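Each of the next two complexes has chain A plus one more chain, namely chain B in the first and chain C in the second.
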Partner chain A sequence: MSDRGAPLPVTVNDLTYRVGGQVLLDIPSLEISQAWPTMILGPNGAGKSLLLRLLHGLIAPTSGTIRFNGQMAGGAVGRRQAMVFQKPVLLRRTVAANVNYALKVHDVARAERKGRISALLEQGGLSDHAGQPARTLSGGEQQRLAIVRALASDPDVLFLDEPTSSLDPSASLAIEDLIARAARGGAKVIMITHDLGLAQRLAGDIVFLHHGRVCEQTRAPEFFAHPKSHEAQAYLASKLVL
Partner chain B sequence: MQDFAGTFAHSVGLILSGDAELWAVVLLSLKVSLLAVFASAVIGLPLGALLAVGRFRGRQAVIVLVNALMGLPPVVVGLSVYMILSNSGPLGVLQLLYTPTAMIIAQTILVAPIIAALTRELLEGLNNEYAEQLRSFGVSRMGVVATLLWDGRYGLSTALLAGFGRAIAEVGAVIIVGGNINHVTRVMTTTIALETSRGNLALAMALGVLLILLAIMVNASVAALGMSGRAAANV
Partner chain C sequence: MDDFLIRAALAGIGLSIATGPLGAFVVWRRMAYFGDAVAHAAILGVAVALAFSMSVLIGTLVVALGVGLAASTLTARGRSMDTTLGVLAHSALALGLVAISFVRGVRVDLNGFLFGDILTVNAGNLVMIWGGALVVAALLIWRWSALLTATLNEDLAASAGIDPRRERLVLTLAMALVVALSLKIVGALLIGAMLIVPAAAARGFARTPETMALLAVGFGMLAAVGGVWASALADTPAGPSIVVAAALIYLVSLVAGHSGD
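Moving on to the complex of A and B:
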């Protein structure tokens, strides 16, 4: 699959994250393997986004450790990773310049960038918007740009925080295809989503969070057929009703 | 008292005829103020950026200080620079008193805090938005500063123009440290003060008209920048 050396597994030990006196995350132990895309599911406010930012090294845990194949999260490990935020952060530049920026900070030679930019914009269905200021894009277009910009650095680990939340069905499928391709290309995908169809199609395993705790980590087919935890059962039941 | 219409006509005549004395004063004004804004930008932009992204002890105190310096009374700045540059002062050996350089120094002290404070405010807002994304990209601290300065360039140009507006209209500091010497340190504002007291109202009024035109141009540039900035959807 990948020839760049396994950056995984992620090993989480005795992790807590507190703000004020409040415990927002408490994960005694969690291991995420390289094998397949991992989806993080759970209700609003469960701590999914916090966990992703901790894994990517953007915030430091109050206590505990996160290691990627033995190395601490963030720093040099973080540089080989990319993240798409729940609210896309686009630079005040054109669409093409946003992708160019990501390529440049990852030391892609200038001569190579032009071709890569048009290929990436093509993949995101944004070719017609190359010269447009990024912040005038529609919500879905912004999300697509954030995703192809994250793919620009060809990351080892791709963190995605609800990347399809404002996409129309066909854009959603196109992005799903991009993510699946990145995964087949050897990138480890760790993704938060509320789209259960997408999770069923892409996920290898599911990490289910509730109130800052991991209720269960299960292979995807099993999770959707027979969720073990009471919380996941309730979540799936309400999702199916909706 | 001369009649107003006659004086005004005379002053317009001075402007249109390209009166050498008048234009020498205007050019010196522009030179001094532009150089002061340049020096203030060299100091204020990095200082403001540092205060916006840096997390060091005493940062809050420096921010309060810079904001306070924005409101410095020009005559007090003039007096301080005068004492430092005068023969008995610490930098007296440089012989800078009553030179355009002294005026540039005084104006820089007035303008640099304005540019630093506006830069800090602007870039701090931008940094709040960008910080995590740039960290995710693995951008270095210097790279973050460069990105913020570039993406904030429209707002920052407005800060520079505001600084220029303050410099060119300022009289209290430059008259003290420049001495208002004919052909050497006489700028628009100091000339207006002097010629008015001498009763040479035509020259004073001509300079006043030009000063107002400059102010209008500065404000029009600020407005135009604001518009092109928004048009680029940068804000």
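Moving on to the complex of A and C:
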């Protein structure tokens, strides 16, 4: 996976996103490096999902630019990325067919697909479920399938928007393991989560958002030990109390 | 069996090749009302065609496409889908009926356009219907993966490099073509039924999107043959009889099929 050329860093300049006069996101400058998984934290409504969708090119900014190693977000860059949503969206077919379908959308030759499918299912711990209708999987298994399907295109960047928020702790751990392995495999992970334990274990650095602004970007150990901004301090404190 | 009955059945069978897969998308995307809006616009298309002495096929195609595009633009801007489409559907129909009354010199058989006239299908019509239906089916098969992904979740599609707006456009184009083709068979008022009813029946039996589309084709064909046959036997209007046959198949699917999801 080292042969794909550096897709990063991500550089964000003068980014704003407005809807009807309301500024939902305002990020004068932000840089995200290739080196480690990045977690986006912040209270509900901070603009985390918006930022992720902008980075992936699903929506266009009102003003400003987002570049991946110099290239604009979306378009050809977006096609080398994948996104996993909070609720897994699966096709009404078998588990294996869902993965096959993702490979097909990314123009993987038919002859190659079979091997890739079993490797991917193995990776997601879903080999025993290959022939099962995807929508009969448990919530955790469905999310694992959604992640494996996202990995099918061998993405440069894997975006995840609260992938564990509706799962029990043990299912979350399986997801966490899958994400960690994808990161070790060379994909840049950019993820939103409200699970601080998970963030602590996986993150290299934290981008903390509040009211549409980046309050701080800090290496993970430091962030959890000594958050710089008052907003992050308050967020962490409230999480600890809960 | 009489020639005209055979031609009628063949016309219905041909049309089903297009309405089956397209109807599946109409059901999945809950765009039943969208289909109605485009279909009702066909009457306005007839008036335009008569006024400018163009072929009715071209006139309905152009107007159906225009209304389809208008509807998808308006609803994409976040206006209430139900209301917008309701306004569009009924005003297009009413405007069409008013406009036709202005076209001088031609005594128009409105019933034929509203309820279809499948028993008058000639060999030329048949070629057109089969040709058009095959074009629509080919279009849908070509875009199948992209259409399916965009239908499932627009974000997921965009993430995979598929432009959901373009896929919506493909469906609008297919819808306009189907409406133009089926005007003569089931008429403007019942086109929507031909799209939805067989696909809804198929949903009760299908386990994958592909089998649902194929079953919808099969049910459409069955309804066409059954409807034409029944109309010959009982001397009932053919277009509505086809829809009644499809509705019976739907009833059977409610009893015999699984509950779906």
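One rule holds in what follows: the second predicted complex is superposed on the first by the 240 of 242 C-alpha atoms of A that agree within 3 Å, B and C clash if a C-alpha of one lies under 4 Å from a C-alpha of the other, contacts with A are read in each partner's own complex, and residues count from 1 in each chain.
In the analysis below, a residue touches a chain if its C-beta (ideal position, glycine included) is under 8 Å from a C-beta of that chain, and two chains touch if they have at least 3 such contacts.
Since the model is a prediction, treat every value here as computed from it, not as a measurement.
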item: Fit or clash - chain C, chain B, common chain A; value: clash
item: First (chain B), second (chain C), both or neither touched by A:T136; value: first
item: Chain B versus chain C as contact partner of A:G64, first or second or both or neither; value: neither
item: Contacts of A:L91 with chain B and chain C, given as first, second, both or neither; value: both
item: First, second, both or neither for A:G186, with chain B first and chain C second; value: neither
item: Which superposed partner A:A82 touches (first chain B, second chain C, both, neither); value: both
item: Set intersection of chain A contacts, chain C complex versus chain B complex; value: 53, 56, 58, 78-79, 81-83, 85, 89, 91-93, 101-102, 105-106, 133, 135, 153
item: Complex contact set, residues of chain A against chain C; value: 53, 56-58, 78-79, 81-83, 85, 89, 91-93, 97, 101-102, 104-106, 133, 135, 153
item: For the chain C and chain A complex, residues of the former touching the latter; value: 145-146, 148-149, 152-153, 155-156, 158-162, 207-209, 261
item: Residues of chain B touching chain A in the complex; value: 129-130, 132-133, 135-139, 143, 147, 151, 232-235
item: Chain B-facing residues of chain A, complex; value: 53, 56, 58, 78-79, 81-83, 85, 89, 91-93, 101-102, 105-106, 133, 135-136, 153
